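First chain A sits with chain B, and in the next complex the same chain sits with chain C.
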Partner chain A sequence: MFHWLEKHPFLFAVGVFVVIAFAGLVEVLPNFAQASQPIIGTKPYTILEYAGRQVYIHQDCNACHSQLIRPFKSSTERYGHYSLSGEYAYDRPFLWGSERTGPDLHRVADYRTIDWNEKHMINPEALVPGSIMPKYPWLYKDPTDINTAYATQVAAAEFFHVPYNVPIPLKNGKTTIIPLAPNLAAAHAMALKEAKAIVDQGSDKTLQEDVAHGKIPQIVALLAYLNQLK
Partner chain B sequence: MENRPLEYDYTVAKMFMWTTIITGIVGMSVGVLIAFELAYPGVNTIFGHTIAQYTAFGRLRPVHTNAVIYGFTVSGVFATWYYVGQRVLKVSMAESKFLMFIGKLQFWLYLVVVVFGIASLIMGWTTSREYAEMQWPVVLGVTVVWVLWGISIFGLIGIRREKSLYISIWYYIATFLGIAMLYLFNNAEIPTILATDPAGQSMIGSWMQSISMYSGTNSAMVQWWFGHNAVAFAFTVPIIAMIYYFLPKESGQAVYSYKLSLLSFWGLMFVYLWAGGHHLLFSTVPDWVQTMGSVFSVVLILPSWGSAINMLLTMKGEWKQVADSPLIKFMILASTFYMFSTLEGPILAIKSVNAIAHFTNWIPGHVHDGTLGWVAFMIMAGLYHMAPRLFKRELYSKSIMAAQFWIQTLGVVLYFTSMWIAGITQGLMWRAQDQYGNLAYSFVDVVRDLHPYYTIRGVGGALYLIGFLMFSYNIVKTITTGRRVEESELQNASPMAA
Partner chain C sequence: MKINKLYVSAIVMILLMLGFTYIAVGMDSKSAGGDIVNDLAILGAIVIFSATIIVAIKYVRQMQTDKATGKLAEDNWDGIGEYENELPIGWSIIFLGTIVWAFWYMLFGYPVNAYSQIGEYNKDVKISNAKFEKKYTNLTKTQLTNMGESIFIVDCAACHGLAADGLNGTAANLNKRIQVKSVEYVIEHGSDNHLSAHELATGMPVMSAGLTKKQIHTVAEYVSNGFDKSNKAGAKIFASTCASCHGADGYGTPYVAPNIHTFTPTLVAHIVGHGKHGGIGVMPAFKNLNPVQLKAVATYVTAISKGE
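Then we have the complex of A and B:
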C-alpha cells in the first residue's frame, strides 16, 4: 500500500492530512463550548483595563510573567488560589505565558497595591534589590491608545457577545454592570474617569496632573489592568 | 537528448540561501543580546535610553524567535527544497516558466513579509501568542507565500520524471500541509478595525490589532496544539527531509532501512499532533487532554528515534568518514542531538517532572539543544553540501569548517547544561520549605542565584553565533574565491580546500 501511495502524490497528501488532522479534532473540540464559560464573579474588561491589557501585550510582559497558578501547595502559598478555567473566559487570547523569569501575576492585585506597582515599573531594582526586570520609563510618558482599546472592546461585544451593559453576577450575590461606551467620545470620557480613580490611589503627582489635564499615560492603563488581576 | 544529464536550475535555491544566512545572523545576534539582558539588566539600554523600549527583553524576545523560525529555518527549508526537489523528482525548474515565476515570486514576497514581520514585532505589534505573534496583515502575507510554495511543490511533482516519491519529498509535503493547517487555525482572529460601535462608526483604532477567535482555556489549547506542532513541522519534519537527502549523498551510502523510514514517517505524522497537551500540564485544560499529551509524548520517542537510528546506521562500516569530514560530523552530531532532544522532551512531558520543570529555564535549554544542535547544524550542513554544486566551486576552507564545528558544539553544550542547572535550581527553590512548612525563598532569591547560569548561557550562545559567522564567511568565500570545479556533476563527498 505504501509503495502505491508513493506513486500517487495527491492521495499521499490526503493520507498525510487525515493522519495529522484528527488528533486536533479529538483533543480540542469536546470541551470547547464548556471551557469558555465564565464563573461567578468573572467580569468583562472595562475600557481602561482593555487598554492596559494592550500595553501588557505590547511590552510582551507575558514573555517573562505567567498568569497561571497550578494546584501545588508551593504555588498557591506564593501566588494565591489556583487558577480556574472560567476566570479566563474574556481573555482573547490567553496570557498564561510559558516562563517564570519573573513571578506569576494572575492574582497580583491581591498582594500588590496600585501605589507599589506605580513605583515599581519606573525602577524595579529600587523596590526589589536583585531584580533583573528592565525599567519602563516610557510608559509614564507615552499616551494610551484608547481608540484601539475601544475597537477591541466593541469587537468583543459584537462578534463574541461579551456581556456589556447587562448585570454580571458577583461572588457576594450582588450584580454589577460593565458599561460599553455608545461612541468614541464617550469611551474617552469613561477611560479618563477610570484613570482618575486609579491615579488617586497612587502617589505619583505628575501622573495625577496628567490625568487632570485629560491625558492618560500608558502606565495608568497598565495599573488598571494589573489591579483587576485577582 | 535523453542521455544528457539534466541541467538543474538553482536560481531560487541560491536566493533563499542568502536569506538563510542573513536572517540567521540577525536572529542569533538578537538571541545573544537578550541572553545577556537576563544576565546583566543594564544591557536592556545598551543602545541608549531613547530607544530602550525597542531593545528591552520583552520586545526583542519575539524578534529573536520569529527571525530564527520564519527567517533562518524556513529560508533553509525553502533553499533546500529548491535544490532537493528538482533532483529527486528528476526535473529541472528551467523546464517550466510558470514554476520558475512562482518560485521567484515566492522569494520576493517572502522577503517583504519577513522584513515587514520583523519590523512590526520591533514596533510591538504582537498578538502575544508564542511563535504566532505577528499580526493579521503579516499572517495574510505568510499565507500567500505558503500557498505559492505549495504550488511549487505540487507543480514540480506534477511534471516529474521519477514516478516514485523519495522519502525527502514525503517530509516536504508533510511540512507544507502541517504548517498550513496549524497556522490558519491558530491565527483565526478578527481585525478590530472591522468592528462597528453602537453609534455606527467603524475603522476605529489600529490596523495592527486583532481579537482572537478563541478565549481563555480554548485559546491556550489551540495555541499549544499549534505551538508544539509548529516545532514538529518546522523544526523536525523538514529537517528530516534534509538529512534523508544530504547524508546519503555526502557519504555515498544508501539509507539503512526503507521499512524503518516508513515506520518513522507515518508514526511521526500520527503521534506528534497529540502531544501538544504537555505544554498545559496542571493547567485548566481537561485532565484527560493533559494525560493524552503526556502519554503520546512518550510514545513519540519511537518514530523520532526511528529516523535518527536510520541515519546513524546509514554510516555503518563508513565511520571513518565522520573522522575525516567535518561536513559528515555536522550531520551525525545533528542526528545525535535529535535523539537526545527527543528523549529529553518526553521526560519533561511526564507529569511529575513537569511539575518541577515547567516555567523554568530547563525549557529554553531543551528547545535550544534541539534547535542549535539539530536544526541549525543540519541546515548549515545542507548549505555546505549545496554550495559547491550551486556555484561550481570548491568549499573555501575545511579547517574553518572543522573549527566552527567544535566551537559551536561547545556553545550548545554550555547552553543546555547551564539551563538545566538553572531550571532545576528554580524548580526546587520555588517549592522548598523551611522547618515550619513556610516557603523557604522569596522569588527574587531565586532570580539572584540564576546569574552565573544566565552568564554561561550567554557565552554559549555567543560561541554559537561566532561559529555561524565563520560558516557565513566560509560560504561567501566559497562563492567568491573558491577554486573552480570542472566536473559537471559532483559525486558524494563535497570538494573542500584545506
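Then we have the complex of A and C:
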C-alpha cells in the first residue's frame, strides 16, 4: 500500500516522523492529562485570592520565591510534602519559579499566619534579623484592582471551565463551594467580605479600618493569596 | 619459508611499540624500574599489543590462503550463495538466551526495578529516618537542649524571636509561662488547646462569670508575674476561682488542669505538634517535627522559660 513512498525519500521521512510522533503522543498525553487533574483539596481561586495573585506577580515575588517543593528529604523537611502537579491545576500561569533567593512558598500557610505575614511585609527585618527581603510599604496604601481580578475569574470560568459555584471535594471528606459573582458590583461586595475575614485574623488596626470603610489595600489581597498556599 | 610482507610489518610494529614505550617511560628512571605497578602495566600493554597483531596476522593469512569448502545452499541472491553450515553453538546460545531475557525483562525486570523519582525519595527518607533514630536514641538533657535550640532558631524564631520574647506581641513571650493578655483571654473565652485528648479530660470553661474586668486583670497579673506574693488581691481571686483545678500554686492537677506556673516538656511538645489558638493569635502546628525533635524543642523552651 505504501510502496510508492519508498521512491519519495522526503515524504517517507515526513511519514516516519508522523508515525513516531503519534506513538509519542499516545504514550505521553493520557498520563499528562491524568496528572494535571486537580487533586482532592485543590480549590479554584476566590476573587480576592485572584487579586492577591496579581499583586504577587506584579511585585515579582516569583523572582525570589519558588512554589515548587522538590521530592528531596532536605526540601520536604523544611517546606512540607513535595508538590504534586495536580495542585497547580487552577494556576494560569503557574508560579513555580527557578530561583530561591527567599524560601519556597508553596505551603507557606502551613507555618506562617496572616498576622505574621502582615507584620513581615512592612518590615521583614523586624521579624527575621538579617533578612534581605525588601520592605513593601506601598502595598499597605495602594488599592487592589478587583475589576481585573473579576475579569480573570470570569475568563477562567468561561474558557477553562474552572468549577465555580459547584461543590469542590476537600481533604476532610466535606465539600466547599467557591462562588463566582454574577456581576461586577457583587464581585466587589464579595471581595470586601473576604477582605474583612482576612484583616480580622491580623492585628493591623489601620488595615481593619480601611476595610471597614470599603477600601481593600493590596496587602490584604496578597495575604488572602498567601493564606491559601498550603 | 618464504618471507611474507605481513610478518615483516608485524615485527616492525612490535619493535616500534617497544621503542615508543622506551622513549616514553624508559628514559625516565623514576617511571620504569621505580615502581612494580608501572612495570607490570607496561609489560601488559606490550603483551596485549603483540597478541593483537599476531591474532590479526593469523586471520589475514587465513583469508589469503583459505579455499571455500562445503555444500552450497540452493537459494542464491543475484549470484551470491550461502553454505549450508551448522549454526555456531555460542551464537545459538546467545540468540535463544536473549529471547528468554527479553521476556523476563518485559514482565519482571523492568516493572519490578523501574526507576521513579518518588521511589528514590521514599528510600532516601527511610535511610535518613533510620540514621536519625540510630544517632539520637538516648539523648542526655544537654543534647536535647542543644538540638532544641537549633530547631527553635529554624522553626520558632520567626515569630517568637531569637530572644524568645515574642517580638512585640507577634507571638507569646516564652521567657515567662503565661502573659497577662493570654490569662485574660482564657478566663473570658475558656481554653481547649487540643489538650483534652492528651492529659486532660475536658477543656477549660469560661470563668469570667462573677468577675469584673479589673478583677480579671488583677488575677492575670498575679499569674503572669510568677504568682507574685505582693499581689494580695490577685492571690485571693486565684485561690477562690482558679486554684480548685490548677492547684494552690498553679502547678496543675493531673487529668484536670495543666501547670500554669511553669512550662513542662509534655505541654510544650503537645502545643508545638498541634498548634494553638489563643489570646495572642494562631500558632500553626509543626507537623514536620518528629517525636524526638518535639521533645528537644520542648526541653529547650522549658529551660529558657525557667520551668521545672
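Structure notes:
Keep in mind that, in the parts below, the second predicted complex is superposed on the first by the 197 of 230 C-alpha atoms of A that agree within 3 Å, B and C clash if a C-alpha of one lies under 4 Å from a C-alpha of the other, contacts with A are read in each partner's own complex, and residues count from 1 in each chain.
Keep in mind that, in the parts below, contacts are C-beta pairs under 8 Å (C-beta built on N, C-alpha and C of every residue); 3 or more make two chains touch, one makes a residue touch a chain.
Not measured: the values here are computed from a predicted model.
When the two complexes are overlaid on their common chain A, residue A:126 makes contact with chain C while staying clear of chain B. Taking chain B and chain C in turn and counting the residues of chain A each one touches, the greater count comes from B. When the shared chain is aligned, chain B and chain C each come close enough to touch A:78. Judged by the touch definition given at the top, the superposed model places A:43 against neither chain B nor chain C. Look at A:62: by the touch rule set out above, it reaches chain B but stays clear of chain C.
In the superposed pair of complexes, A:203 makes contact with chain C only, with no contact to chain B. Within the superposed three-chain model, A:215 lies out of touch with both chain B and chain C [touch as defined at top]. Once the two complexes are laid over each other on the shared chain, residue contacts for A:111 go to chain C alone; chain B is not touched.
In the superposition on chain A, A:188 contacts neither chain B nor chain C.
On chain A, the surface patch touched by chain B in one complex and by chain C in the other comprises residues 71-73, 77-78, 128-129. Those residues of chain C whose C-beta lies close enough to touch chain A in the complex are 117-118, 120-121, 124-125, 128, 154-155, 158-159, 161-162, 167-170, 281-284, 286-288.
In the complex of the two chains, the chain A residues touching chain B come out as 2-3, 6-7, 9, 12-13, 16-17, 19-21, 23-24, 27-28, 30-32, 35-36, 54, 57-64, 66, 68, 70-75, 77-78, 83-103, 125, 128-138, 145, 147-152, 154-156, 158-160, 180-184.
Contact residues of chain A toward chain C in the complex are 71-73, 76-78, 80, 82, 110-113, 115-116, 119, 126-129, 201, 203.
Across the interface of their complex, chain A is touched by residues 37-38, 41, 44-45, 49, 52-53, 56-59, 61-62, 124, 126-130, 154, 157, 163-165, 170, 173-174, 177-178, 181, 185, 190, 192-199, 201, 204-206, 209, 211-223, 225, 262, 266, 269-270, 272-274, 276-277, 279, 282-286, 289, 292-293, 355, 358-361, 363-364, 426, 430-433, 438-439, 443-445, 447-448 of chain B.
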